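Lettered A, B and C in written order, each chain numbered from 1.
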Amino acid sequence: MTDTNSAAATGKLPAAPRALRATASALVSLALTFIGLTAITFVIGRVMPADPVLAVVGDRASEEAYQRVFLEMGLDRPIWEQYLTYLGQILTGDFGTSIMTTRPVTEDILRFFPATLELATLATLIGCVIGIPLGVWAAVNQGRWIDHCARVLGLAGYSAPVFWLGMLGLLIFYGNLGWVAGPGRIDIYYDGLVEDPTGVILFDAAWHGEWEIFWNAFSHLILPAGVLGLYALAYIARMTRSFMLDQLGQEYVLAARIKGASEFSVIWRHAFRNVLVQLITIIGLTYASLLEGSVLTETVFAWPGIGQYITTSLFNADMNAVLGGTVVVGICFVGINMLSDLLYRFADPRART
Amino acid sequence: MNFLSRLAVTGLAAAILAGPALAPAPAYAAPPADTFVMAKDVSDIITLDPAEVFEFSGGEIIAQIYDRLMWFEPEDMATLVCGVCETYTVSEDGKSITFTMREGMTFESGNPVTAEDVVYSLRRVVKLNKTPSFIITQFGWTPENVDELVRVEDGAAVITITEDFSPALVLNALSAGVASIVDMKTVEEHATDGDMGYAWLKNHSAGSGPFKLQTWKANELVSMTANEDFRSGAPGVKRVIVRHVAEPGAQRLLIEKGDIDVARDLTPDMVAALESNDDVTVQTDAKAAVIYMAFNQSDEILSNPKVAEAIRYLVDYRGMADTFLKGQFKVHQAAWPEGMWAAYNETPYALDIEKAKALLAEAGYPDGFEIHMDTLNQSPYPEIAQALQGTLAQAGIKVEISTAEGKTLWPMYRARKHQLILAQWSPDYTDPHSNLDAFAHNPDNSPEAKLTGVLAWRNAWMDEDMNAMVVAARNETDTAKREALYHDIQAKLMHEGPYAILFQQTEQAVMRAEVEGFVSGPTFDLIYYRTVSK
Amino acid sequence: MSAAADPQGAGLRAWLRSPSPASTWQARAQRAYLGWVAFRANPIAMAGLLIVVALVLAAIFAPLLTGSRGLDPDLPNRLLPPSAEHWLGTDQLGRDIYDRLIWGSRVTLYIVGLVSIIVAPIGLAVGTLAGYAGGWVDTVLMRIVDIFLAFPRLILALAFVAALGPGLENAVLAIALTTWSPYARIARAEVLTIRKADYIVAAEAQGASTWRILRKHVVPLCLASVIVRLTLDMAGIILTAAGLGFLGLGAQPPLPEWGAMISTGRDFLYDQWWVPTAPGAAIFLVSLGFCLLGDGLRDVLDPRSGEA
């Protein structure tokens, strides 16, 4: 899903202005996406049957209390006016206050996003470390049973409902075998023991040399990351295989073989290098979609991540939180795609010419 | 399919094995002995300001942080006693109560607890005028007159009411969360723009209760530390952590593994399965919450009293209470729960399809009708709704079920847009007026009145006789007479009201065997962490 | 798969294999036949087809395959383990899980069918229009597509359902609204590659209307890749629907939607494992079936994609 649009539009310009134009177009695209995201979310928030006023006053509130909060929240004004006010607010960096947590949304996101970041990063790593070799291996053995097994395994990872896998995983690896720790990010009595400048517990604990806490957090993380990693693995292995087959059919591979290069060298030195370039986009995409926060995995593992934050806020009609969360996640998505696009162009000689 | 599920598990194992194989065995440790860890769904907490808290979990937390004007001691939860007050005296006319203060109590800041704080706390509730303020504003207090009606005289706090309420009811209401005593000096130090500390107190504490708030991270945890100087002695543990775990399944695993000390939201079937486990004990406590079905009287079919009566006979009360609700709900058909003062425990209704059919025929619906039922989407509501759907169908009533989150359900209920609704009600304080005012008393049934907090209004039901009975019982000063009046009200409501009251909750808390002294009373905030030790 | 039935008789086979087709009809039939031969040679794809066919058959013959519709509670018989009488046991309200699974296949098919019917035409229309028209139309349409792509998918679906109210139809609509955007991208990319092809230019020169060119020449070419993508996406659609059901926003009780069955059954995993396991396995099997089928179809229909 690379941005073929801008590539096509800028194909004939000289190098320097082209880069400038690409940057400008990227920024415009980012801004438009941002406005679209907020507008859609905003409208949804206002037409929802869940009532944000009741989220504040509770279901037994008197009509008088209800009306007062209704006016306080500015819900009597036309929706476009509310939206413009909100946009103005965000541009000054103020996402408003969450009803549910009573804290500024920015503060909440800084608390919940690192949890998702941790999960998504490890899951993507697992996906890459296992998925890429699996894909290459399958491609090299195309049509043999190894290939079939790898394909089915890959598709299986994609086909199982994550929440179901997560529950089974918890039951087996935590409940029965006791190999990993249970739901949550960390054993509760460790909570708050390390200063958390980044909020990524693994990083903070390692930074302070608190290895006990590090391993505790890791043993909580590995299972949900494994479940999500399986999903990442499925996609990455599949795409690796496909790219690899494509490369193995190219003339230069044939040429290398004729020159007497070893099979290992043909696969890893020649073909794989080109595959890697294409994989950047795929890995970026996987990472971005995992960063959106897997609501379901986070629910099953009581993981206080951004997906769960947005979802519970949505159920509670806490629209500032939903909007803030969606904007951050959306920008992450677009940002990572742009970054992988950039990397792709940088790494692939053909894309540069 | 067994094979495939095993295949899936194997695949999962293959993917994950790589991880732990590299890591050293994770260090497991049960919670330290001085820390009490509880797993509970606490997603409903949206504030910890006692003037605003109206949610179950929030109510439970502020009961640990703040001492109240009146209170129940864990040893005897049926007797209302003084909290921060030493004694109280009711004036001759029953309109004024004077509270003298205990000596030597301090807030967590070190400030002494005085009558000034009591008066400030009550005035603050009235002036902030948040949802639960009605519990005390019903005495006739308004932001304008409260400074005069609630005041300090000779070092004692004096309150005067303008309505004709029974003093017993007033004292009872002063044991609710809104009667929590906050530290005036600390709160005012944190006030911004004259908000009486409203913004600050949402997630900070300024109380004199057995615990003080350390942190509240919404949807993650509430952590509290002991107040060693609490008036009845230091709590049994140094630290309490209430951990938000929404999934009962996850709570189950955590308690079995010993990672937590108590699990509060296990399903009846899980509890039954854990009963043979020697590492845990199950503590059962009666709760005051009732599950009821309401019939909107602005609906033509449901406004027919015979239809309502027929539906009450189409509920398999026993069948549900003995199976999927077993241990956590018992059959109860009156609006004020069993075990409370003035409870009415008759259960005249049972599943009787033939009788219901006859009633429906009399009502003019021999072949039944189609109807919509709304309910919450968490267990056990969808299950109860489906069981009701099954039995109602036997008399020809076809029920279509919609389930939704509370935030989606309540706006509809408050706007009278439902037909049948299956919901829960829990009293705000331990006087029967709390429930019967909501279930039976509707002073103005017009749509414009918007008495949206009142169940009778929501169901468009008004009965002049009933209104008079509720007011009479509210004002009666003789305890025995008052109790008789409440029995009459409940009996009448049971047969004539727009409700089928189905069940009363009993809570099953599953705790590690070494945990002792967890006390859980009938209402959602009569829960004591301070007596816990392990 | 117009030639899904095994060709019968030598005459038909010869007709299908004739090196010089006599009509366009015969040429098309031949192409389909060759596709089928290639498809049949792929055991994985055949397994996928088998699973999907089994799903369809289960949906069609549900009344014959089951003893009840699995809707009525039977409280005394709740949570029975799998046995000869209840092949997959009973659930928390005493309903036969096997019956509910079989009837639930209708719900699953309904969801994937309806989503495809909504998504494919919208995606195709937007994508081909954008690609063919170019200019500002392209820019505007692709911006909209980008916005939908940037949305967290399940969260957008959740938000739509929250706005529309819970229910199966609304869940379908919400899933469709979050699924259509990649199709527009695919269609557009396809169009861009053929946009300047000689036969399109020729058709334009003959004075064919834009609409006609789109309909006759552009859309059919995109169709193959859209169908492939759709089959591969079926798993995603089923899983999203299950996710919504899991969060209590999809099908309403007592409808036996598999995701909702896992959701209400998940509290029983530890003591009555069969309650959530059976629907989980069903979802897994069916999504896998669609994935395998889609993979096989791609090999046949869309050889350019590289996975030969």
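Some observations on this one:
One rule holds for everything that comes next: a contact is a pair of C-beta atoms (placed from the backbone, for glycine too) under 8 Å apart; a residue touches a chain by one contact, two chains touch by 3 or more.
Molecules present, by chain and UniProt name: A, C = Peptide/nickel transport system permease protein; B = Peptide/nickel transport system substrate-binding protein.
Keep in mind that this is a model prediction, so the values were computed, not measured.
Seen from the C-alpha centroid of subunit A, the farthest chain centroid is that of B. Ranked by how close its mean Cα position lies to the mean of all protein Cα atoms, the top chain is A. Between subunit A and subunit B, the centres computed from C-alpha atoms are 39 Å apart. Chain centres here are Cα means. That of subunit B falls 46 Å from that of subunit C.
Annotation: 25 Å between the Cα-based centres of subunit A and subunit C.
Residue positions of subunit B touching 2 or more other chains, listed in rising order: 5, 8, 247, 249, 253, 404-405, 408.
Counting only residues that touch two or more partner chains, subunit C has 162, 165, 266, 269-270, 277, 280, 284-285.
Counting partner chains per residue, subunit A shows two or more touched chains at residues 48-50, 156, 160, 167-168, 171, 175, 299, 315. Chain contact summary for the complex, subunit A toward subunit C: residues 1, 4-5, 8, 29, 32-33, 36-37, 40-41, 44-45, 47-50, 148, 151-152, 155-156, 158-164, 167-168, 171, 175, 241-243, 245-246, 249, 289, 292-296, 299, 307, 310-311, 314-315, 322, 326, 329-330, 333-334.
Residues of subunit C touching subunit A in their complex: 43-44, 138-139, 142-144, 146-147, 149-156, 158-160, 162-163, 165, 182, 185, 189, 192, 235, 239, 242-243, 246-247, 259, 262, 266, 269-270, 276-277, 280, 283-285, 287-288, 291-292, 295, 305-308. In the complex of the two chains, the subunit B residues touching subunit A come out as 5, 7-9, 11-13, 15-16, 18-20, 23-24, 26-29, 31-32, 35, 37, 43, 46-47, 54-55, 129-131, 134, 202-203, 215, 217-221, 223, 241, 243-247, 249-250, 253-254, 256-257, 259-260, 404-408, 410-414, 438, 450-453.
Subunit A meets subunit B in the complex at residues 48-51, 54-63, 65-66, 68, 98-103, 108, 111, 126, 130, 153, 156-157, 160, 165, 167-175, 178-184, 187-189, 191-192, 212, 215-216, 218-219, 222-223, 225-227, 229-230, 233, 299-302, 304, 308-309, 312, 315-317. Residues of subunit B touching subunit C in their complex: 1-2, 4-5, 8, 247-249, 252-253, 267, 269-270, 273, 316, 319-320, 322-324, 377-379, 382-383, 385-387, 389-390, 393, 400-405, 408.
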